[in-house]
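For reference, the structure I am asking about is given below.
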Amino acid sequence: MIENLHLQRFNKLLVVNRGEIAVRIIRACHELGIGTVAVYSDADRNALHVRYADEAYHIGPSPARESYLVIEKLLDVAKQSGATAVHPGYGFLAERQAFAQACYDAGLVFVGPHPRAIHIMGDKQMARDAVIAAGVPVVPGTEPGLDDEEMIAAAEEIGFPLLVKASAGGGGKGMRPVHDPAELPGALAGARREAESAFGDGRVYLEKLITHARHIEIQVLADSHGNVIHLGERECSLQRRHQKLLEESPSIFVDESLRARMGAVAVAAAKAVDYISAGTVEFLVDREKNFYFLEMNTRLQVEHPVTELVTNVDIVQEMLRIARGRPLKFKQEDVRMEGWAIECRVNAEDPFSNFMPATGRISTLRVPTGPGVRIDTGVYEGAEISPFYDSMISKLICYGKNRAEAIMRMRRALAEYHIMGVQTNIPFHQHIMETPRFLGGTFDTQFVENEFSMKDLDARDEMEAAVIAAIMAHRQGEYLGQMVAPGERDTSNWKWLSRWERLKR
Amino acid sequence: MKYIVTINGNEYTIDIDGDGQIFVNDEHIDADLQNLGDGGLVSLLVDRRSYEAAVHNHERDQWQVLLGGEIYDAFVQDERAYRLAKARGEQEDDTGIVPTKAPMPGVVVRVPVAEGEAVTKGQTLVILESMKMENELKATRDGVVLEVKVSAGDSVDKDAALVVIGDEAS
Amino acid sequence: MIENLHLQRFNKLLVVNRGEIAVRIIRACHELGIGTVAVYSDADRNALHVRYADEAYHIGPSPARESYLVIEKLLDVAKQSGATAVHPGYGFLAERQAFAQACYDAGLVFVGPHPRAIHIMGDKQMARDAVIAAGVPVVPGTEPGLDDEEMIAAAEEIGFPLLVKASAGGGGKGMRPVHDPAELPGALAGARREAESAFGDGRVYLEKLITHARHIEIQVLADSHGNVIHLGERECSLQRRHQKLLEESPSIFVDESLRARMGAVAVAAAKAVDYISAGTVEFLVDREKNFYFLEMNTRLQVEHPVTELVTNVDIVQEMLRIARGRPLKFKQEDVRMEGWAIECRVNAEDPFSNFMPATGRISTLRVPTGPGVRIDTGVYEGAEISPFYDSMISKLICYGKNRAEAIMRMRRALAEYHIMGVQTNIPFHQHIMETPRFLGGTFDTQFVENEFSMKDLDARDEMEAAVIAAIMAHRQGEYLGQMVAPGERDTSNWKWLSRWERLKR
Amino acid sequence: MKYIVTINGNEYTIDIDGDGQIFVNDEHIDADLQNLGDGGLVSLLVDRRSYEAAVHNHERDQWQVLLGGEIYDAFVQDERAYRLAKARGEQEDDTGIVPTKAPMPGVVVRVPVAEGEAVTKGQTLVILESMKMENELKATRDGVVLEVKVSAGDSVDKDAALVVIGDEAS
């Protein structure tokens, strides 16, 4: 099964990504003594991944389709630089079969699974068929491509509520919940239209709607020698518009027995596609702890650090070792979860205005430090947050002996984290850290959207805020007063400058 | 100098005298505000309690204070401006011609309102796609749509005016 | 033994320190839900410990003897603020019996040992007597106060080489190595003079000089219920002028059996003085793995984080729990060391000019982030490094699965750490991380002073440095050329300003 | 513009032409230097190799470059200055009257030299205590002690002149 893979010792690796994940990969390479080659668009000349890599190649304009997504340019950089391996990170080309295949065809080690595994898991129906054959439980549903009558008949069998989903879908597009048989025909038509316009593929299918579901996923590691293990679960139920916002490991909802069962199923799913490298099997878990295969992400996951902290396994280093053809150094029984880790995704968006994405220049950046705090970041003071790329600009991960300690550390780390010049969702995470439902662990995937509000907390420090505003306005008034003093302005630019500099200190 | 600061409808009278002494609603407080760098980060000690806050001078009299994970929208007027406004019964927010601007570059997905249509505060005026997300831009006041400047599919720059709201009379 | 201690639940704690250790303690309090009161001198109004504490009190001018060392002022703050416990950190008043006593007398919980333990361990001879009685091995030597003839006779017995040491000494003052009997009388006279002028106490004593010794210390935790355990060792042999520069845990030199023996002895030493709280027993270890008691530090140690990372015990939290009268939640057999941690002390000093202390304003601060990196710091962008306090401004601590990984992480973290405006010893640590003797672990306490040089490495990137210097000079020349363009200057200040701003971007 | 950069006695001829193209010893290199903030932190890409460095303009032509844990003292002259200096056989470091200044505030512990005494480069002139440490300030050139301005026990400010070295003739 591995004959057609190029697994070999490599000493120079090309990272075809940007932002925090490019930095993460470059750091892992430094730690293993592997040389690193970065690529950058116009927007990213001063980015951390460019500065931390050994070499950096410019690959074009800021829009990703003209730079980070242009396969020929990337392969050309590999050739020019002499890099013999490629890490795709997540997003961009990470789950494009064509890219993985192009790497293999060019004789490069692709740090990830075989293109065939990417292909199968990238297609909802093929993935479903493959894992069902391996005995993995899936959400009851139909295959795509049925006509309306067949759908309506199938719906009876599945039962309501159910979901109409786009076959080519993702990100919630073409998805419709249906609670009553009467709504079904309209929902089918609507979903088809949306899917057609979004993906150019109007096929839809039905799935049982799991209510009060939690999103829990299993991290898998598979080497090229047939060893497949799992590193326990991550709880990712805190989402908004199908975007994860906060993840933790372990899950407060998962006990030893459930973990063992879900882990075994995730390993079986990976084996079903001869998986190699790190991957994630996502499940929906209902209140009765029944779990259903959702999809497998055939790449490194944004939230991998929480697993790293509780298992003490460096997942990115392991991916690199596996790509070098090495067998896993540890077995399932060696994996121990200890302590608790929580990750808050820091996004450039305004939590006080419906999470509107925000752009701007980071004028001031103060990162939290101290015990139990890890930050994976791609931004820096002076960075321009442009609309070209993802709004996730950094990840704050806190570790504690138990969940309570991890939460307390996250609270204080969030309070220490200052990003000025662009709005972030840090206040959202601060609110979450005070929310009884989060503290008690009794949330599901609907919680953030339906039951959480940024207005839940008291305006405890209103007087202090008023004092700050008044003093700032007062100082500005004094400063402006000096500026417009008659006859003084022309000769006093230098004085003004020094005064202004002092004010800014 | 006396200031009236309004936050969430609550008014604070804050007097800063010539010696920098500060009185809140006529009560003296021991306040020391330090700028930390030039990005609007400040340290406040008030009666020995310590606060770190981020301050942003939104526009003119509008100050935004981010403190302890909460955002406080503070409207700061000096005494004279406050009295004048009071006398005129002015309500800054709900009058005037208000253009809805693009908060970031993006592509217009939909404009669910038409010119001449009456809208209420909070109603969605434009759906803008940016950073892989669809964002709803809402009316900041009741009024009438005076002008729709864009249509679905348009690429717009940051701060481009998209829809203009005003009084029917304007 | 604990009747006269005030151990009780407290909800507000006064931190009578500054810098990174004050921040460290405040963070631990946040995590336990304990309110915090900071104190600050004129120099420290904007310091992190003031900003992160719940309350902060000004206590006077910048010199420590007028602020951080004035016991009455500190007790007064406790009274005003309602704090009922006091943490002294390290340095300043941490090992002053009088301060601990004053806290007890004022009814405050002192987070540390009983004043009597501080007193005994603070006096070299009393400490020696106390631990000898408990069966702890000490460096062979004399008691202080002998006359020259007695000293010379005793020296015969101890054997050469030996050390003349000041009874009241510390920091290497009044210390003289003697390799030959003929040098002894002169060394005695010199050491007496130095000790007299430095400490007002001319008494000296003799100690066998342990050659090729390593400085290895054991972290001890003792609760008020008689439970005393140890958290393994720290290797602190990398020193300069008796100042530790880099510490690690575990020590490459210590095996299980030596650890168990040293640990047992350290616990015995602590028990000998009815020790309570966290403390450290320092040993010299010779090449044959004989170990000798050096001293006990009756306080939190600068280098405590390396132990925290390998044992997963939060030492500062434990100190606070112990001070609240709680019994230790774990036993000796529960303590497990896993992985490897290294700490580099970042000092404001110039490693290229004989480690001259440096002062200045931190104009730019970029801290390393990512997996395995912890920073404990008291500084911030804009901080003025003054000559008033210690030159140690932060600690960079890296953790890895093993020593090699910890070193690789430290290398990349050091490369990412940028402090501008004041010189630091970061380049020293970068050199150490490339030094074969450090990598091999075959160093002793003399290594840095006698066998290490900042010039050992090649000037690998000389051409690149030349290019940087030339371009910077070129840009400055162009800029200055524009500045002095005749007739333009008066009207173009604004243009100049914007140009300069652009240059700085 | 042509520059001669001297580091550790090695000379690099660096030509920056009107288009910003750079030649090192007449060989073209692909160099891109970016300032990161205003503290002297820079990012250099040279023939695609990536470096982060800290640059400090010590004085006039003296540039200090901290790169990969090494410090490079670079002396940068343009072509004309280099030729003039060459012609005069000037050696900047070893002539002139050189005051030894306090690098930081502190207390003078000892001055182990006396006025009129001949000293050699590297010899200790003053021992200054600051930040709990004793620091030896050394002669930067051979010469004669022209003046000792402090004595043991004096408190001195940063940059205070402590000892002045010059030629015997001066």
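Here are a few things to note about the model shown:
Chains here go by letter, A, B, C and D, matching the order in which they are written, and residues are numbered from 1 within each.
We adopt the following convention: a contact is a pair of C-beta atoms (placed from the backbone, for glycine too) under 8 Å apart; a residue touches a chain by one contact, two chains touch by 3 or more.
As the structure is a computational prediction, the values presented were derived from the model and not from experiment.
Looking at which of B-C and A-B shares more C-beta pairs in contact, the answer is the pair A-B. In terms of their C-alpha centroids, the spacing between chain A and chain D amounts to 49 Å. The distance from the centre of chain A to the centre of chain B, each centre being the mean of the chain's C-alpha atoms, comes to 32 Å.
Chain B and chain D, compared by their mean Cα positions, are separated by 52 Å. Multi-chain contact residues of chain D (touching two or more other chains): 37, 49, 52. Multi-chain contact residues of chain C (touching two or more other chains) are listed as 52, 366, 380-382, 415, 505. If you check each pair of chains against the touch rule, the ones that pass are A-B, A-C, A-D, B-C, C-D.
Residues of chain B that touch chain A in their complex: 1, 3, 5, 7-8, 10, 12, 14, 16, 22, 24, 29, 31, 33, 35, 37-42, 44, 46, 49, 51-55, 57, 61, 63, 65-72, 74, 76, 78, 103-106, 130-133, 135-136, 138, 158. Considering their complex, residues 32, 34, 36-37, 43, 45, 48-50, 52 of chain D touch chain A. Looking at the complex, you find that chain C touches chain D at residues 171, 241, 348, 352, 354, 356-359, 363-364, 366, 387, 389-391, 414-415, 418, 420-421, 426-427, 430-431, 434, 457, 459-474, 476-477, 503-505. Interface residues of chain A facing chain C in the complex, by the touch rule stated above, are 23-24, 27-28, 30-33, 52, 305, 308, 312, 314, 338-339, 366-367, 369-371, 373-377, 380-382, 400-401, 405, 408-409, 411-412, 416, 493-494, 497, 505. Within the complex formed with chain B, the residues of chain C that make contact are 38, 45-46, 50-57, 81, 380-382.
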